[in-house]
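What follows is a group of structures, each given as structure tokens.
The same chain A turns up in both complexes below, where it pairs with chain B and then with chain C.
This part shows the complex of A and B:
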């Protein structure tokens, strides 16, 4: 038990838990509204979209890649399901969500194919795809909103289990669970960590790296699609312009959760904590009555400090290892 | 003859880009001779291209070291906002010249500070550039928003608008500044000791450190240079708009990455030339202005830009594979003999 506690304290996630707990304690003192079930459910609901997309982004970052196109993918999925619902008003939420995920996955497969077949770095590929998809979305809609979604969709979005747990939280849990299962129990999951650790070693071990990469980007796109469904179910209309800049927020969330952009590391547990940290932080800034304008300053500082502390800790750890080597 | 051979082997990428640029320029001129080739349009492009070009150079130097600088546009906006506070103050209204000089100094000072923040965390703490600049992008944007309360600042002395709109002997001032910056950047990046270090860090940072170079200092200077370039761009932008706001120029960030990569700079660092970036900037500018004149929808122009990025890189990969195959065959034939 002592050993377990010791290991747990050493783990990367411990730092994030500590920050979340300290923040929560401060916020509870600052505002009595913070530690209520309604408030927690509310801010988790409004952050579920980032969370769902973060779970999609996690495998990408583990594989040492990056996907900048998620903001365009979510916009495309949102527009497609918006039009889909207007065209088929007698459909149902399950079909709509499936459509959104399929659209996202298609964009992801395109990303994966370009990355693997033409050997173009992920950051450049997804930047190009983002520009193209974004252009296509705005061309198709003219930037206009889509509203007047069917009633069953609106009630699906505002449904709460036992009057407490919102639909979007289930989507978030679903996304986290699927990602966890893939990373923990499947061959592909192992492959993702292997590719992130060293791509050439993964090839030698016998992984089909190209197939794994295509899967990763398809999965990321699919989660962006699910994110679109979650977002549309919250706001009840489609604004194709609202998603610009989402990619950076999503990446920040995953990185705050302890994943490295160098690849090889990152866990679903960490990302979950990253999502919770982001949500608590945003909610806390509002409850603490900090003017809207200063929120970005705090966010930026948190990101810089979090990634710096992480690197400093790792360096210290490595220095310790070196010393052990020398002493022995 | 030797000169051309040298040009082809050493600068094949720049040569291809130059041919593409001339091709597109000629194509646009044929498609719309009266509008595209008009003196007015050429002048407009000369006013618009420099700020984009400066941002691209700011991005390029970070990419050369294997990093990236996502904070160029928000850092630029922050420096122009600080500059705008001084320009619109009562002091500057009374002392135009001194006010503008102070404003410009403040602008560059903020740009340098932004660069130092990025550079310090990247070089001395050792965090991946992507993450640092992701954070500082949000930080600078937040500071800009907090200072301006989300609005724009205007009311500059009239003389300030010269920097973005004026001409010297008929040549737009921004293009003069741009050309000076190109020459200075060329000398610093491709002809100085520091520049060589920049390329070395981009190829292999650890090997560079072990060969006795203070890579931390090199990297810090890289991000300061990047900050200074975006600061210069911010002066042109605020002068052209005659105001300062956080989201002015924000679209240049992704465009700058596009131009840098299109210009042949390797995103993993170590390779790339100033000339390539400058040519790529010119290509993107001519395409967007030209298509705009032809009445093509702005969104289609975006789609085309993204498409060009992927197609050019795909072609580059395919030609490389073909070249490699040819070499292997030649060698095989040679050994068979």
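This part shows the complex of A and C:
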């Protein structure tokens, strides 16, 4: 148990927990509204969309890739389910969510196919796909909002279990759970870590790397689709322009949660903490009445500080490493 | 004689423009160590790629495994038929645990989408036991020493139920002690009736472990011989097609003034109390076991790994070097051990690699690079070092190991350093190129450069140096003039 505690302190996640705790203590003193169940549920609900998408982005970063197209994917999924609900007013939430996830997965498969078949780097591929999909969304909607969604959808979105836990938090937990199961207990999940560790070695031990990559991007797209469903269920209408820049928040969340953009590392636990940290931070900035524009500056600083602390720690560890067993 | 595990014949492999393998054959019996030898470019790696299922041979090749003619369709297929490769770089996943690295193939092979961690761990423990390695299966691989990583790689081949394991240059990163451990592991595997194809450049090891040799030269089969029927010289001349003599260059006179003096240099956990003087025109060889602190010490002088205590004098003046650029300003150049990752920009041309550290020199009046003078001096270096092909526009990655090493040498020589430190200059370089690199080093010394050569290969140290320092556990344990020395005398200082 002592060992466990010691190892835990050494883990990356410990730093994030520490920041969350310190931040929460400060916020509790600053505002009596912070540490209340309603407030916590509220800010988790409004951040669930980034969270869901972050779980999708996690495998991408572990594989040493990146997916910039998630902001376009969520927009497309949102528009499709918006129109779907207007066309089929007698449908139900489960079908709508499935449609959203399928639309996202299709975009992801396209990403994966381009990356694997034409060997184009993920950053370029997903940048291109993002632009195309964004264009398609505007062509399809003319930039106009979609509103007047069915009543069953609105009540689904505002439902709270025991009057406390919102629907969107369940979606977030579902996304985290599925990602955890895949990464920890499936062949493809371990393959994702292998690809991120060394792609050439992954080929040599017999992993089907192309299939793994396609899966990763399909999964990321699918989670962006689920994110669309979560978002539309919160706001009750579709604004195709609102998702610009989402990809950066999502990637930041995952990086904040300890995943390395160099690939190979990252856990669902860490990403969960990243999501919580982002949510606490945003809420705290609002409660502390920091002006809107300054909030962005602070968020950026936090990301840079969090990542540098990690890098500096690792460097320090390396410097301490005894390289030669010196005879004293 | 036991039944052969593998027999191949008529194996050719043509790439656009080159015939990498031309009608070669090879066979191996269970429990045998059969070494494949040849210079770089002889076709050894191509054959490994074919046997591992990574590449397909040209039509007409015959591959027989356990008496049945077969084909090796892909990596998984080769593994399934009992052939596993331990690559030079081990092909491990540094970010994953030992257990997962060992168990992974089995998981992939069974293609069960859901994992059972308990099974994986048990498999790993068993394989590690067969290899005889004491390693915690839960450890993350990148935290292990190179030697232990290799054991993990071998254990993972064992876990695949390999009947034949190909060891590709298995000792290039190992110290002498670790090589001994590897010999034990190979013995264990032989007892389990596993056939081992051993690929190496190092004569000593080849003769120590092998039962038979098969020699390739320029993609062609030369001969297969019993190890006890040939001498080292025979083997070398079969590999090279000519006799190569190992020349001793030691020159104990004509030393210039002191170029570099080191006093009490120490760094915690790296090295302690290092003292020596290096003269202009002199070559000092520094040897010792890997992990004795040799590279750490050299990197301290070069500013990569600054020391905690001690003094360094260059041309009699005390200097405080905290970074490589300061070292270069003082005329010290360091050529690192792994040329592919630390020494060369592989996708760039010979020209841009050589002139990288000295681009400033070629600036014209308005600060742009003058291509003409740049090319002229590159031509000079390529010529002097006999880089083949001698086309400065070739990409570094298209060159053989020996020629890459020459480009790295040229790159640092072009800085006109007065003090040159070369770390394992001929690691992975074939016999012919080795002799040429030794010549280059001596030529520089004869022009007044002070040179430190760090090497684990005693024949190399004995050939190239005037004076030899032996390091052990971070200290200098012995110093010799290179006169009437034997390998044994040096080793007695290197080991406790």
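Keep in mind that, in the parts below, the second predicted complex is superposed on the first by the 321 of 328 C-alpha atoms of A that agree within 3 Å, B and C clash if a C-alpha of one lies under 4 Å from a C-alpha of the other, contacts with A are read in each partner's own complex, and residues count from 1 in each chain.
Everything that follows uses one rule, which is that a contact is a pair of C-beta atoms (placed from the backbone, for glycine too) under 8 Å apart; a residue touches a chain by one contact, two chains touch by 3 or more.
What you are looking at is a predicted structure, and each value in this text was computed from that prediction instead of being measured.
In the superposition on chain A, A:119 contacts chain B only, with no contact to chain C.
Touch criterion not met for A:151: it reaches neither chain B nor chain C. Applying the stated contact rule after C-alpha superposition, one finds that A:291 touches chain B and leaves chain C untouched.
Which of chain B and chain C touches more residues of chain A: that partner is B. Of the two partner chains, neither chain B nor chain C is touched by A:90.
Contact with chain C, but none with chain B, is seen for A:201 once the two complexes are overlaid on the shared chain. By the touch criterion stated above, A:261 is placed in contact with chain B alone, chain C being left untouched. Judged by the touch definition given at the top, the superposed model places A:38 against neither chain B nor chain C. Counting contacts by the rule stated earlier, no residue of chain A appears in both its interface with chain B and its interface with chain C. Remark: chain A residues 185-188, 190, 193-194, 196-198, 200-207, 264-265, 320-328 touch chain C in the complex.
Residues 68, 70, 121, 125-128, 130-132, 134-143, 145-146, 149-150, 254, 257-258, 261, 267-268, 297, 299-303, 305-307, 309-310, 313-314, 317-318 of chain B touch chain A in their complex.
Those residues of chain C whose C-beta lies close enough to touch chain A in the complex are 52, 54, 74-76, 79, 85, 87, 91-96, 100, 104-105, 107-109, 111-115, 117, 156, 268-272, 291-293, 296, 472-475.
Contact residues on chain A toward chain B in their complex (touch as defined above): 66, 114, 118-121, 123-125, 127-132, 134-136, 138-139, 248, 251-252, 255, 260-262, 291-304, 307-308, 310-312, 315.
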